[in-house]
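Both of the next two complexes hold chain A, though its partner changes from chain B to chain C.
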Partner chain A sequence: MDRLKNWFKSDSSRGLTLIGLPFGFSLLLLAAPMLLIFFLGFWTQDYLVLDRSFSLDNYIEAWTEPMYRDLMLRSLGISATVTLGTVILAYPMAYFISFHGGNRKALWLFLVTIPFWTSYLLRVFLWKVILGYNGVLNSTLGWLGMIEEPLTFILYNANAVIITLTHAWAPFAILPIYVALEKIDRSYLEAAADLGDGPLKSFLRITLPLSMTGVVGAALIIFIPTIGDYVTPKLVGGKDGLMIANMIQVQFMKANNAPLGASLAVSAMGIVSMISLVFLALNRRWLRKRGS
Partner chain B sequence: MNSNINTLKFFAYSYLLFLYSPVLLLPIFAFNDSTIISFPLNSFTFKWFAGLTEETYLQESLKNSLFVAISTSILSTCLGILASRASARYKFFGKKSILSFLILPLFLPEIIIGVALLVVLMQLGLPLSLWTVILGHTLVCTPFSIAILNSAFANMDMSLEEASLDLGETRFGTFKRVILPMVLPGLISSLLIAFTISLDEFIIAFFLTGTETTLPVYIWGQLRFPAKLPGVMALGFIMLLLSLVLLSLFEYFRRRMNRILEDQSNVQFDNLFKT
Partner chain C sequence: MTEKLKIDSIKNIVELDGVEKHFGGIAALDGVSAQIREGEFFSLLGPSGCGKTTLLRLIAGFEQPTKGNIAIDGFQMHGVEANERPTNMVFQSYAIFPHLNVEENVGYGLKRLNLGKDETARRVNEMLKLVDLENYNKRPAHALSGGQRQRVALARSLIMKPKVLLLDEPLSSLDKNLREQMQVELRHLQRTVGITFILVTHDQEEALTMSDRIAVMFEGKIVQIASPQELYSRPKSKRVASFIGVMNFIEGQLLKDGGQVTTVDVGILGNVNVNPDQIPIPLNPGPVIISIRPEMLTLLFEDRDSTEYEISGVILESTYYGDMTYYNVQINGLKSPLTISMRNTAGRRVLGDGESARVGWGAESLVILKNSEV
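So, the complex of A and B:
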């Protein structure tokens, strides 16, 4: 009895009591729905009637039907390109702020985040205005005499989706990379310079490996959610830029085939998680090789 | 070497231009006297702003959005307080895994969250309403609240809390009179961030909304009608100004939080010299 009483007064029980409510909330609203979605993929739906007997039909359809397979591959390609593009563009920016920001670092970070507090829908829509046939970009380039015909490969296709998403996810890359760069002990760089390493060599041997945590964090926080982006492909993607999320939405809403939609969603998440895990493992190996 | 820095600087400014390009267009088209959103521009006008006052549906959805955003910010901040206090102050079994589970929504596509919640609600036969949107938004905003509050609680000087307990204050009294004032700026930051995220969130609201729509769902509907676009631009411009005010407030409280935490460590330092 006393032991129980003591346990209730212990750190362990107090911590668990406090975190119990948020944990329960997440179990109920995140874990349970995820499990349900997973099982839903094994059921079948005929118009509005749900048949709960186990069947692999939806998963087989999701993986073999060429339309879904193409959509999945395209989504993965777009997400990977966006991730790579955003990280490559964000790295020099984060580097600039961290190493040459002086006493204006906070201001720069503030400036970088401001555009992202405008309505997401309007930002995507405004990209349509920029990239369109009579859009801002084509008008400007035409006015400068750099092009004779308006460019058409930048709207209503995968390129438009990539440009828009690379813009939309910029702060999610800049901030983690910046944080990682800030943590680097500057005396390492001085030591490297003293020992005769040039700027490029010390960047490759010190700065880049030490900032890899930020790069990996940025890559994951962009790659995983972008696969499920619905608004951007719908607004600027046209027919050839649609992604898997658009199909998931169609299955749940218009097609009334929630089980197929669920199997598509679970498959997409499964593939993305696998790729992320492989990416994490490769990065760990690369860092270890660097370290030795 | 110097030219390298200049190249970097040039890149930074060009990238900044890229980041601002859509936002800069917003005021241009909000004040442009033409129903077509493209160049060349016509004359200056305020009529799109005036037109907004006649849109009853817009006002309805704005009211709904404010209700959702305020409820979400309060709920996710409360959950955030519980989680980050537990993580900063106590050791317990499974702490790390529970916390990573709580911030998982940060790494999930919102459409997955929306769809999953929709399925559960359909299976339970619960009707969609603003409350279902609030639940979805709270799930997404809680990781942000935890991140902000975590640093507030973790940087707090624990000896002040112990002193209060030693001097006979109850646990609840200590929380109210010692802990809460110290984390207040973090708490306000968390409220503001959750409010802003919820106000702008579209996908989850799109899936979970019933007959009453939120502002982004309303905007989504308007984007299909070309005649409505200039009004949407005007609305977007007002929202941008509003978020700038909120963001500045957020920045102000964040700095104040840092200052309070610094003061605390100074106090600690002084005590060290006194003894």
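So, the complex of A and C:
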């Protein structure tokens, strides 16, 4: 009895008490649905009834049907491009805020969040206005005489999805990179200069390697959710810009084939997890090779 | 060649000429001029906020002076960036690159010189041997102790063969024993490599034990540059005297400036003759501060003990340090008590509080300073 009493007073019990509620919450709303989806993939939809006998047919279809494979590869391609573009756009911004933000860093970070004041849907629609056939970009370029006829490769295809997603996710990449840059002791840079490095050299030898953790974090934060995005491709992607998540949605809703949708979802999740793990491992190895 | 050697023997490696540095209207350095000689161990000593680190950073090139000139090895450094100066710095935090191992850290600055793998490795190993870190080549930065980090920082700077090595409070983060050991090692290292060292420190003991010369700084100004012995025994002001070690101050009168011998009235202790070198800055007759170090005062234990002068008092407090005992002694007729340090020799007892004591002293250990509040 005393032991139980002591246990309730201990740090570990306090920790468990604190984490208990959110843990139960995520168990209920995250783990349980995911388990359900996982099992659903092995069942079969027979018109209105669900056949609960174990079957791999859905997975076989998901992995052999060329359409699904193409969609998956396209999604990976779009996500990878978005990730690359976001990180390349976000790095200079994070660098500027961290190194030249002075005592206005908080203000700059606050400004970075401004896009979130409007709904995501509105921002996607705005890109339609900008990129459209008679949109802002085309009419401006036409007015300037730089183009004969409106550009069509910028809307209702993969390019439009990439542009829209890159813009939407850039702020999410700025923060982890900014944090990594902030953590770099400025005396490292002075030491590098002291040992003869110019600004570019010390950036490549000190700042970049030491901020890689932030870059990797940013890349994962962008890559994982964008691959599952279905709103953006649906709105600006046209038929050439559709991604795997659109197909999953179709299977669940219109095609009334939830098991196939589930197997596609689980497959996509598996692929993303594998890529993320490989990415992390490569990065760790690269960092270690650099001597960390 | 002989001509050059002759010049070298008195060459100033760093010349500071009226250097000022303002930060937002506040003067961190207020007209600093000094010459630092080639091959010497020079210390900038002062309390925190006196501008000593700012001065070091100006020499390194991390900051530019608001006014005045800095010349290193005969060249004006105006507009010369840190990476192009013949100086290297050991940072207070050591700034060991965390993503590199020991040999990559030490060889960092060599990479630019394109020496090739073998030559780089040879020089790195030579340096590691010099700082006693042989076979630590592959040790990652995070696995180094404080003392080892300092050695790596030293090796990383010395491998560049700088004209001047700048050290920013390099010992302040080490524990006491290691710090004392490193004081000796740093001194030894400086002698071995023959490079000019400029050390910034707030620790007077550190400055005294290591330096050839010390510049004492207060509020953005250098107030005295002298060898450790001279600084300790002939401080030029009351402030320097109380910053370096412990000093007793007694109010008195300078009676007669008689050329070779000057007479001073030490209040109740009577008139005493002193030599001109005991007055570091020439003074006019009038009120002065008479200072004397605790170890220059002696407690007379035996009846037969005697010294040039003798006064009597009462022990207010004694503090036992093992090798030494410090006494606070109230002298009859003096405003504030005197601090007296006595070595604890065999058979000598430690006097207790309230015991009466005879205090002996000699005229040659007095230093006569200007009467000023600071």
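The definition used in the following text is that the second predicted complex is superposed on the first by the 291 of 292 C-alpha atoms of A that agree within 3 Å, B and C clash if a C-alpha of one lies under 4 Å from a C-alpha of the other, contacts with A are read in each partner's own complex, and residues count from 1 in each chain.
By definition in this document, a residue touches a chain if its C-beta (ideal position, glycine included) is under 8 Å from a C-beta of that chain, and two chains touch if they have at least 3 such contacts.
Only a predicted model underlies this, so the values are computations on that prediction, with no experimental measurement involved.
Colleague: Taking chain A as the common reference, can chain B and chain C both be placed on it without clashing, or not? Answer clash or fit.
Modeller: With chain A as the common anchor, chain B and chain C both fit in the superposed model.
Colleague: For A:23, decide between first (touching chain B), second (touching chain C), both and neither.
Modeller: In the superposition, A:23 touches chain B alone.
Colleague: Is A:209 touching anything from chain B or chain C once the two structures are fitted on A? First, second, both or neither.
Modeller: Touch partner of A:209: chain C, not chain B.
Colleague: Look at the residues of chain A and decide whether chain B or chain C touches more of them.
Modeller: Of chain B and chain C, B contacts more residues of chain A.
Colleague: Thinking of the overlay built on chain A, is A:190 touched by chain B (first), by chain C (second), by both, or by neither?
Modeller: In the superposition, A:190 contacts chain C only.
Colleague: Considering only the touch criterion stated at the top, classify A:12 as touching first (chain B), second (chain C), both, or neither.
Modeller: A:12 sits against chain B, while chain C stays out of touch.
Colleague: Roughly how many degrees, to the nearest 10, is the angle at chain A when you join its Cα centre to the Cα centres of chain B and chain C?
Modeller: 80
Colleague: Is A:285 contacted by the first partner chain B, the second partner chain C, both or neither?
Modeller: After superposition on chain A, A:285 lies in contact with neither partner.
Colleague: After the superposition on A, what does A:118 contact: first (chain B), second (chain C), both or neither?
Modeller: In the superposed model, A:118 contacts chain B only, not chain C.
Colleague: For A:135, decide between first (touching chain B), second (touching chain C), both and neither.
Modeller: Once the two structures are laid over each other on A, A:135 reaches chain B alone.
Colleague: Nearest approach of chain B to chain C by C-alpha atoms in the superposition, in Å, rounded to an integer.
Modeller: Checking C-alpha atoms only, chain B sits 11 Å from chain C at its nearest point.
Colleague: Output the chain A positions appearing in both contact lists, the one against chain B and the one against chain C.
Modeller: Common to the two interfaces on chain A: nothing.
Colleague: What part of chain B is in contact with chain A in the complex they form?
Modeller: My answer: residues 1, 4-5, 8-9, 11-12, 15-16, 18-23, 25-26, 29, 37-40, 79-80, 82-83, 85-87, 89-93, 95, 98, 101-102, 104-113, 115-120, 122-123, 135-136, 138-139, 142, 146, 196, 200, 202-203, 207, 216, 219-220, 223, 232-233, 236, 239-240, 243-244, 246-247, 251.
Colleague: Which part of chain A faces chain C closely enough to touch in the complex?
Modeller: 185, 187-188, 190-198, 201, 205-206, 209-210, 287, 290-292
Colleague: How about chain C: which of its residues touch chain A in the complex?
Modeller: 60-62, 81-84, 87-89, 91-93, 95, 97-101, 104, 108-109, 112, 140-141, 156-157, 160
Colleague: Per the contact definition, I'd like the list of chain A residues that touch chain B in the complex.
Modeller: Where chain A meets chain B, its residues are 11-16, 18-19, 21-23, 25-26, 29-34, 36-37, 40, 89, 92-93, 95-97, 100, 110-115, 117-123, 125-127, 129-130, 132, 134-136, 139, 167, 170, 199, 220-221, 224-231, 235, 245, 248-249, 252, 258, 261-262, 265, 269.
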